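What follows is chain A paired twice: with chain B in the first complex and chain C in the second.
So, the complex of A and B:
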């Protein structure tokens, strides 16, 4: 058989074989439109806020006049805003670090089967089921009964840790569960002590997942509002300050402030996704 | 697999910078050796008055985020609330009854509030008293009315000078009620001829609900915050809305041709009072702060900044006739019909009616 014959033979066979049916092929265009509309509806409000942040007029509305970066300048020079931004970054970093550390330890512990495991899991995930307002009220009463005064470090930080911990655990736990434990066993066989197994074997492998988890946790903490409103003291985080400003006075720099908050959250999430994709 | 490397020095340097940034913020507060926790609307302690207030108190005033009168009552009566707050400034119309019934307040020592003598006799008479002791001192008052744009709505129209302007079909699509069950049901009840909305029957509430639903198409949107409301008017998206005195001032400062009406059915009024909850460990400082909040200095600045009514007699007597006419400080003297905020007997039914209106 010549090459040409072989080729035409394959072609004939290909034509004869049944066509592979792609599910929802007919709906592909419709689905594309649907996704486009969905994304448009999801992001349009954010786009409008971003646009209005460059508005020349004092009111947060259209027409917006000549584009200006004046409001970003106001945000950059407003000490109250900068201080609250610093607080949010610090609380976000600390709560994310602590929650991720606890989640890591819990995740390592949950690799072992015990009778109490299902109950412990339920307790860890319970805060996820509580609506924010209920969680906030519970924390408010809890701290009150303990005689702890509202403050950034006394109440807000613990509240944020409690809030982000289940998310950190849910993000990190599958990574630890899928970890090939024979590597650890090999290290032990070669004489490594538990601490060395962790630092030399486990940690390098789980490190990207840990950092990705902490960044997700940071984003959650940075944006947290309702629980914080219940337990905050005088030192306000950015979302609380934003809410206070909106409800009590309004200010033309609010869209610029909103854009900065969004950018920080988006940046943290983007880095987390990057780390998460790297570790796969 | 690619390894993830973190530059330790960069990380430490970044962390140090972050800590420094956030620590710089409370440094000013930390400089004050003492502080009191206050629960009050932030607008009643504007930045320009914080310095004088703290100097007069001898302590930092840490005012916590304010939500509403009901939230304040809930917080003060929650388990473990004692000792959490040192000074409250809140709407007397709503909080007096539940807080006094719960015995949640402590009597004020007027010898530590010398500015009490500067209150006008009328406002002294409005203080909350029990067994000869003062529990709440009035420090400001205000009224809520319809703010409207005179470019679109005639001032001398009879409907304009009533709550009916909120429901007039001529302004369909240009009206913004507030997303607030109490205020909206009260003004609708007054408009429909209910003399005492706070004690109206459930069938009256149902009627009001039906009326609101019938007018829902006229409403552009419901506003829920100061900034949102002012924007709606300044962008001319709406021509009339239920509004506050500081909103009127903010819009007039923007050059808007906006004023308020004098509803013939009754202007809604309220007054805020200062009080110290039981359990406060800093009562001397709380008294000193309360003393400042009824002082001449505070009252004159508050009136200037917010248009709010004040209780200090010297400041009241110092207003020019033009200011009195413009702001309406004389509503009690010139016989404008008023309806003081009163807590409804069946608030649950009010909230249910308002929610039914919203989902209709």
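So, the complex of A and C:
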């Protein structure tokens, strides 16, 4: 369900009947102040990091001296950082594509009535219900016992797909069931084969949802940290590299790096959000 | 003469594709990478780890150690308390926010929603890190207070205390509480509230007897999310908690990532899963909670 779905006619109703009594009207101003404070607290840390990314001293403290863009230059020329960024973008796109594809097939299967559905659903939701640390630990054990060497393709990619898949399924499945099936039935009635029903009828309808889902999946994978920490080799993804840098050595370019990570996440999520709200 | 048969409504044309074939890739993948690792971990929790590696001899030593050493109990109680307090704090702070969002006119609603969402689009590792320059010894708060002369020496209790862990957890997870409550407030018909008010209910009793019960499903799913996320917290206590930042999740991770004690780590991870299942089943026994769960 979309977050902007309003209760049907809520606005219209309150406009049509002007003398509805609204309790808590006297608390309105207080609530606005409260939300303003909350928003300030939500954005304050992000703003401070953005500010410090221009700090001359290169430490995460005040005062910060003359503003400089030096740290952005360091990030842009640091090969370790760039390599990890490339890896995160690659793993994000791949795991998002694969998970969305699997979720699409599962969603199409879930339009049928089969006895398997409750079991399948349990299996799909299992990775979602496992707490992050446990999710990482079980994968560590699994790959460790099988003797799979930690690496980007051997362990990190499967870990990301299994993490992203339940979210992709939960986003996509309602869209596959939600649309008006009469058009599809008309196509079948007119003699369209299943392949044609999919390519000519279903796919055009669900395409925006599929793209929105894969972008959403990308952002989840791009930000995934705890499971990756358990199965990472030496080829680290961005969040893992950021964590290692924060906890082990620290670096003057950390705020600049944080700002770049923030911008990528926000951009990808914003596009997904727009895609998702457009199709209505 | 037989009664005229009423025609059955047309059930619709079957969706295309063979459901089994469509499910196959997903189910095979999830059985291998989703379910198998969990089973393997539970099995491994009965094995023995030593400096020579992990060997498969079935025994209860790992669990006996968890039960016998009080430090694990204390840690479990501490972790449950942190998760519970975080959940309650998110509920108290997030509910008015959800109410605010749901009462915005449609024109501005999207803007408000985006304003709340944007920080949560960012990795929680980065967002947790972002508190360091605010709370640190030379951080924003201390340097500001010193400059305006409120204090002479930096406050050292701002960072690396259990309070900082709570702050970080609430900051990182509050949207998971706000969003489901917002969604259930959206489904709440405002006329129900007006009706209660017209019939003379005081605002406090409208809240207690109309709004809260009707939004209980949202409260529950939000609480469940925040509880699950904070009971296995790793990043926030590590980064902000300092010496008090040891939680159950961090010692589970340590067994694998530093001490190389897989079998014991597996036993700790299994215990955490059991505790979560236990807490959820206990919650499901409370009648209103059970009703809300069933209706969901």
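In the analysis below, the second predicted complex is superposed on the first by the 259 of 280 C-alpha atoms of A that agree within 3 Å, B and C clash if a C-alpha of one lies under 4 Å from a C-alpha of the other, contacts with A are read in each partner's own complex, and residues count from 1 in each chain.
Definition applied: a contact is a pair of C-beta atoms (placed from the backbone, for glycine too) under 8 Å apart; a residue touches a chain by one contact, two chains touch by 3 or more.
What you are looking at is a predicted structure, and each value in this text was computed from that prediction instead of being measured.
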Once both complexes are superposed via chain A, do chain B and chain C end up clashing or fitting? clash
Is it chain B or chain C that touches the larger share of residues in chain A? C
Please work out whether A:232 is in contact with chain B alone, chain C alone, both, or neither, and reply first, second, both or neither. first
If we overlay the two complexes on their shared chain A, which of chain B and chain C does A:86 touch? Say first, second, both or neither. first
Is A:112 touching anything from chain B or chain C once the two structures are fitted on A? First, second, both or neither. second
Tell me which partner A:144 touches in the superposition: chain B (first), chain C (second), both or neither. both
If you stack the two complexes on chain A, which partner ends up touching A:200: first (chain B), second (chain C), both, or neither? neither
Check whether A:269 is in contact with chain B, with chain C, with both or with neither, and answer first, second, both or neither. second
On the A-aligned overlay, A:243 touches which partner chain: chain B = first, chain C = second, or both, or neither? both
Which partner does A:62 reach: the first (chain B), the second (chain C), both, or neither? both
After superposing on chain A, which of these stretches of chain B ends up overlapping chain C: 98-106, 260-268 or 278-286? 98-106
If you lay the two complexes on top of each other, which residues of chain A touch chain B in one and chain C in the other? 59-62, 140-142, 144-145, 229, 243, 246-247, 254
Can you tell me which positions in chain C touch chain A when the two form their complex? 12-17, 19-20, 22-23, 25-27, 29-31, 33-38, 40-41, 44, 93, 96-97, 99-100, 105-106, 109-110, 113-119, 121-127, 129-134, 136-140, 143-144, 171, 179, 182-183, 186-191, 193-194, 196-198, 203, 206, 228-229, 231-232, 234-235, 238-239, 249, 252-253, 256-257, 262, 265-266, 269, 272-273, 276
Touching chain A in the complex, chain B uses residues 1-4, 6, 15, 18-19, 21-26, 29, 35, 37, 41-43, 60, 62-67, 75, 78-81, 83-84, 224-231, 234-235, 237, 250, 254
Considering only the defined contacts, which chain A positions touch chain B in the complex? 58-62, 79, 82-87, 89-90, 93, 140-147, 149-150, 152, 204, 207-208, 211, 229, 232-236, 240, 243-251, 254, 275, 278-279
What residues on chain A touch chain C, complex-wise? 1, 3-7, 10-11, 13-14, 20-24, 31-32, 34-35, 38-39, 41-46, 48-49, 52, 59-63, 102-103, 105-106, 108-112, 114, 116, 120, 123-124, 126-127, 129-134, 136-142, 144-145, 158-159, 161-162, 165, 169, 181, 184-185, 188-189, 194, 197-198, 219, 222-223, 225-226, 229-230, 239, 242-243, 246-247, 254-255, 258, 261-262, 265-266, 268-270, 273, 277
